[in-house]
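Next come the structures, one after another.
After this come two complexes, each holding chain A, first together with chain B and then together with chain C.
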Partner chain A sequence: MALPALTPQYVLGLAALLVLVVDAFTPTSRKNGLLAGLTALAGVTSAGAAAWLYAGGAGRTTLFDGALAVDASTSFFTAVFGCVAALVAVASYDYVREEPHQSAYYALVLLATAGMSVMAAANSLVTAFLALELVSLPAYALVAYLKRDAGSAEAGLKYFVVGALSSAILVYGISLVYAATGVFGFAALADAVAGNAHVTVLGAGVVMLIGGFAFKTASVPFHFWAPEAYEGAPAPVSAFLSSASKAAGFVLAFRVFLLAFPLAAFEALGIPWTLVFAVLAVVTMTLGNVAAATQTNVKRMLAYSSIGHAGYALIGLAALSGPTSSDVAVVGASFSHLFVYGFTNTGAFLVVALAERWGVGRTFEDYAGLARSAPVASAVLAVLLFSLAGLPVGGGFWTKYALFLGAVQSGLWWLAAVGVVNSALSLFYYSRLVKAVWVDAPDETGVARERPTGIYAAVVVAAVVTVALLVAPDVVFSWADAAARALVSA
Partner chain B sequence: MVPLQYYLLFSAAMFCIGVFGVLARRNALVYLMSVELMLNAANVVFVASSAHYGTISGQVFSLFTMALAAAEVAVGVGIVLVAYRNFKDIDITNPTSMRW
Partner chain C sequence: MLVEALLAVTFVAAFAVLLAPARYAGRLAAVLSLLPLVGSLYAYTAFDGTGNALLGGTPAFETVVPWVDIGGYAIDWHVGLDGISLPLVVLTAVLTTVAVVAARGRIDERRSLFYALLLFTEASLLGVFSALDFFLWFVFWEFVLVPMYLLVAVYGGPRRRYAAIKFFVYTNVASLVLFVGFVMLVVATPVESFGLAAVAEAVRSGAVTGAFGLSAGALTGVAFLALFFGFAVKSAFVPFHTWLPDAYTEAPTPVTVLLAGVVTKMGTYSLLRFNVTMFPDLIRQWALPLAVLAAITVLYGSLAALAQRDAKRLVAYTSIPSMGFVLLGSVAATNYGLAGATFQMVSHGLLVSVLFLAVGSVEDATGTRMINKLSGLADRLPVTAAVLVAGAFGYMGLPLMSGFAGEFFVFTGSFAAPYPHARLVTAVAMFGIVVVAGYLLRLLQGVLMGPFEAPTAVTARSRRDLAPAVVLVLLSIYLGVAPGALMGTIQDAVGAFVALIGGGL
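This part shows the complex of A and B:
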């Protein structure tokens, strides 16, 4: 059966409307379970549809006069977004149970996911920008969702303030690129930038575009909203933003820079953008990991580690060198890193959600001895954290290995070296948390913990997928490879 | 016809005024206005380049930007209200419970 190429996007958008319609018809009844179920179902369905489309092997389909293009990278990332949205929805079932405006919450999650999957299909700067805003606007509201909570309000304000600024910079960047070329479509841009006469305007525009993407991916220099937003936001929203929204920013950056701004043309113009990304990658991963190592607050540590992971994923853009095979390898490594990270990091933040629900404090000491009262969650946390660090307990091991290998093969051995040093540093602070949970003695013994089914299910699924990707990585890696090939040799 | 460079200079000046407002103003609403100024600086470039190249796509993008600006203000003012209820102030430098 031939599905329409945009089936996953339709499913997510319609599900968002359906959630609102359900609420409009039954405004007073309790329906948290129904709404969470609808959201999770829509996420899984869109991921399944994306996998179906990939398996169908349709190649590249351009739609709406070239404004959107669906290829293997679209389906790959749509699967990530759908899965993360489903995990977040299942966990939110427990997290927002006592909160008002649940339908708005779930509808915003679905709208943001729909925006992400459109970002993964963008083929023109217009659709890229609109999809990016379709992710940003719901995300601002989601961060400030706990509106009586000062932390959530502060996080929402800071996220919005930085987000509004960066989207203005992004639009100005797009306008400068347009002023230099006169086109928006990626394919037309690729032709128009070759030998372009307005190098200054074009270069300024590209730098501003990089700024806009840095915000979305929480990379230096627009990373400083991330710790505040992730710390203050409801934990499932932090999970959603730090994995799905970051991956969406990356897929858009990859699409724009691989499809619209070919490296060869830009090197001829004297704007080698890989160098910019190499510097950003080094600064981002170092800053993220060093700052994470100094934190005492668990959620904030995860937030900074998420900045560090943006630095690793940036290697995919920094280590492009020209030959198709090595470019495919390094971009594919970056894609599969984002895939694994989507599950691992979502799981780690959801364990924090679990701790928040139990009323465990926020610091490392508060987590001391959690393993005695909640062994399953603590074991899951240990697996997830060690996979984030790159130890061979989860898929994160393969993807980091592939990323660093890709950097070395492109001659950027110093980038790989910085990456390895950073991974070692990250092992330090991840194991601090694991030690607190498993080794340190708790303040009070024998606390009976409630077992919120939704969050437990979500974290266990995240951990199982993470470990499964260590054992059988080829399923995902071959898909990531096809996704990378679709962009590199388009 | 005025050459495109003059429009670019004009819009760059607008953009810089916006950036100055963003950096210097502490009132959340004035901050939002400064961001609007930056968005409108982009609109000037879109419309001017659209006329320069004789294509209509830039003008269409400027319409999208305006719609986006309206949506952004709707969400933004909502968040400013929430912040006001919690902090009794709309000074964006005030909420500082979280610092690294």
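This part shows the complex of A and C:
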């Protein structure tokens, strides 16, 4: 059966509207479960539709006069967003049970997810910007969702201010690129930049675009909002933003830089943007990991570690070197890293959500001895954290290795070396949390903990997928490779 | 499929025990640990492999299934046993059952988790010894680390956290270095797989090219040193040994049995597989400095043992010279040197476990491990005393026990080694035996002989408790009387290598 190319996006958008309709006709007592179920179903359905489209092998479909283009990278990332949204929705069932305005929450999650999946299909700077705003606006509201909670409100405001600034920078960058080239479409841009006469304007525009993407992916130099926003936001929202939203920023960056700004043409103009990304990758991963190592608050540690992971994923843009095969390998590695990271990081933040629900504190010491009262969640946390660190207990091992190998194959072995050192450093702070949970003695023993079904299901699924990706990574890797090929040799 | 079955059964057993109620966890684990034991004994009888798995030999129970392809390199699920790995697989299964039985009555909190971690460690160790693809090997290698860390950190003695984190950090840095070193090496060769045999063939045939700003020779040297460093930390060669006394002493006795008996053998086994088998030229070239390092390890370790007052720490230190002997035999690259090193790994695994079990039993009965607080326990604790004496004499190299056979093979091989001053270095290392005998006799004399003295009343535990130790002593005697039970297959595997590089004896 041939589905319309934008089926996943339609599913997500319509589901968001459906949530609002259902909200109007459902008694309050059953609302939360129904809405969470609907959201999760929409996420899974869109991921399934994306997989279906990929399996159909349609190649690249351009729509709306070239404003959108659906290819393997679209379906790959749509699957990531759908899965993360489903996990977050299932976990939110327990998290927002007592909160007002549940329909708004789920609708915003779905709208943001729809925006992300449009980002993954963007084929012009205009649609790219619109999709990015469709993600950002719901995200600001979601961060501030617990509006009576000072931390949440403060985080929402900070996130909004930095986000608005970076949107302005991004749109200014787009206008400069337009001034230099006179076009918005990626394919047309690729032609227009070759031998462009307005190098300075174009270069300034590209730098500003990089700034805009850095915000969305929480990379240096626009990373500082992330710890604040993730710490204050409801934990499922932190999970959503740090996994799906980051991946969305990356897929857009990859699309823009691979489709619209061909490396060869830019090197001829004297703007080696891979070098910029190499520097950003080094600074981002180092800063993220060093800062994470000094945190005492678990959520902030995860926030900084997510900055570190943005640095790893940036290797995909930094290590582009020209030969198609090695470019496909390293971009594919970056894609699969974001896929694995989507599950692993979401799971880790959802365990924090679980701890917040139990009223466990926020610091490492507060987590001491959690394994005695909650062995399953603690085992899941250990698996997820070790996989984030790159130990071979989860798919993160393969993707980190593939990224570093890709960097080596592109001749950037110093970048790989920095990555390896950072990985080793990251093991230090991840294992500190594992040690607190498994080894340290709890303050009070014999605590009985409730088992919120939704969050438990979500974290267990996240851990199972993470481990399954160690055992059978080829399913995702081949998809990621096809996605990378769709962009590299477009 | 036998290897897969062994791994699957052990992993499933670990999960079953994890889910079992604490009251039954120990018994269930003991029963379930018999499955891999029986399986490994079956592997021993049904073993039909020939030659060295890395040098074109035919490993037994071999399976190759493509697993994943990353960046143009094929990574396979490739397992199989040859004459070097088979004895270690059997040793792992035997010592895990011993550890599980020895844990009875010694562990009284979070028991399900404890036994599950023991079985999980066993499964990972079996994986390390049977993997023939680098990535598979590395996955299992790292798998061992996490349960071992938890076993020491949660169940250990008063300084358990410090000991566990030290162990974790040391071995993890080592893993990282060896991983990077090996991947660098593979990237610089034209092979497109991480199969150990393929890489060994490429390195031997000089297919390494310069990369990373290094010449081919320098790159090979860097990879060799990176691998050696990784294994040296794991095997605790001086000066990379400082994690060992802490971890061994703080870990509860059953965990110490696994740590000392098998986990350090991962290092020496991998040293034999990687550094020796893959780099025959470099092992020739570097033989003298490495042998000197071995001699230093032997002498330093035994002299340090001489200075210990804590019986368990003393036994922990005795492991260091034994690993030095293994290194000495490995770098000799002669038939008896290599075979002796492998044999010594098994023998040391058995005997050091006997010593730890006996010392653990003394501690349980008297509440202390301090040698100067104990005296004259021989008639109060006759079984423990007998086991301790048997273990110590086996360790000192009493003929007709496996320790004698292992050391004899190593020295025979090392004397005939082709590197310069081989006899001198071997003779110096042999002097270590005298020191070993000295401090073990001092231990026996201090604890067992003389007028009775102990801080508390001595409460002997049931005799059944030492049954596993007695079994290990009998196994050691069996291997001492009939070393051919293992030497045949071992020599078949190392012979292929010796024939290749033209070593002697």
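In this text, the second predicted complex is superposed on the first by the 485 of 490 C-alpha atoms of A that agree within 3 Å, B and C clash if a C-alpha of one lies under 4 Å from a C-alpha of the other, contacts with A are read in each partner's own complex, and residues count from 1 in each chain.
The definition used in the following text is that contacts are C-beta pairs under 8 Å (C-beta built on N, C-alpha and C of every residue); 3 or more make two chains touch, one makes a residue touch a chain.
Just so you know, these numbers come straight off a predicted model, no measurement behind them.
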item: Which of chain B and chain C A:R300 touches, first, second, both or neither; value: first
item: Contacts of A:P392 with chain B and chain C, given as first, second, both or neither; value: second
item: Partner chain in contact with A:V199 - chain B first, chain C second, else both or neither; value: neither
item: Touched partner set for A:G406, first chain B, second chain C, both or neither; value: second
item: Contacts of A:V439 with chain B and chain C, given as first, second, both or neither; value: second
item: Partner chain(s) touched by A:F477 [first = chain B, second = chain C, both, neither]; value: second
item: Partner touching more residues of chain A, whether chain B or chain C; value: B
item: Which of chain B and chain C A:A329 touches, first, second, both or neither; value: second
item: Which of chain B and chain C A:V420 touches, first, second, both or neither; value: second
item: Common interface positions of chain A, toward chain B and toward chain C; value: none
item: In the complex with chain A, residue positions of chain C that touch it; value: 67-73, 110, 113, 138-139, 142-143, 145-146, 150, 153-154, 161, 164-165, 168, 172-173, 176, 180, 183, 187, 212
item: Of chain A, residues touching chain C in the complex; value: 325, 329, 333, 372, 375, 382, 386, 391-393, 397-398, 401-402, 405-406, 408-409, 413, 420, 423-424, 427, 431, 435, 438-439, 470, 473-474, 477
item: Interfacial residue positions of chain A with respect to chain B in the complex; value: 126, 129-130, 133, 137, 140-141, 144, 147-151, 153-158, 160-161, 164-165, 167-169, 171-172, 174-176, 178-179, 182-184, 201, 227-228, 231-232, 291, 294-295, 300, 304
item: Touching residues on chain B, where the partner in the complex is chain A; value: 4, 8, 11, 15, 18, 22, 28, 31-32, 35, 38-39, 41-43, 45-46, 48-49, 52-53, 55, 57-58, 60-61, 64-65, 68, 71-72, 75-76, 78-80, 82-83, 85-87, 92, 95-98, 100
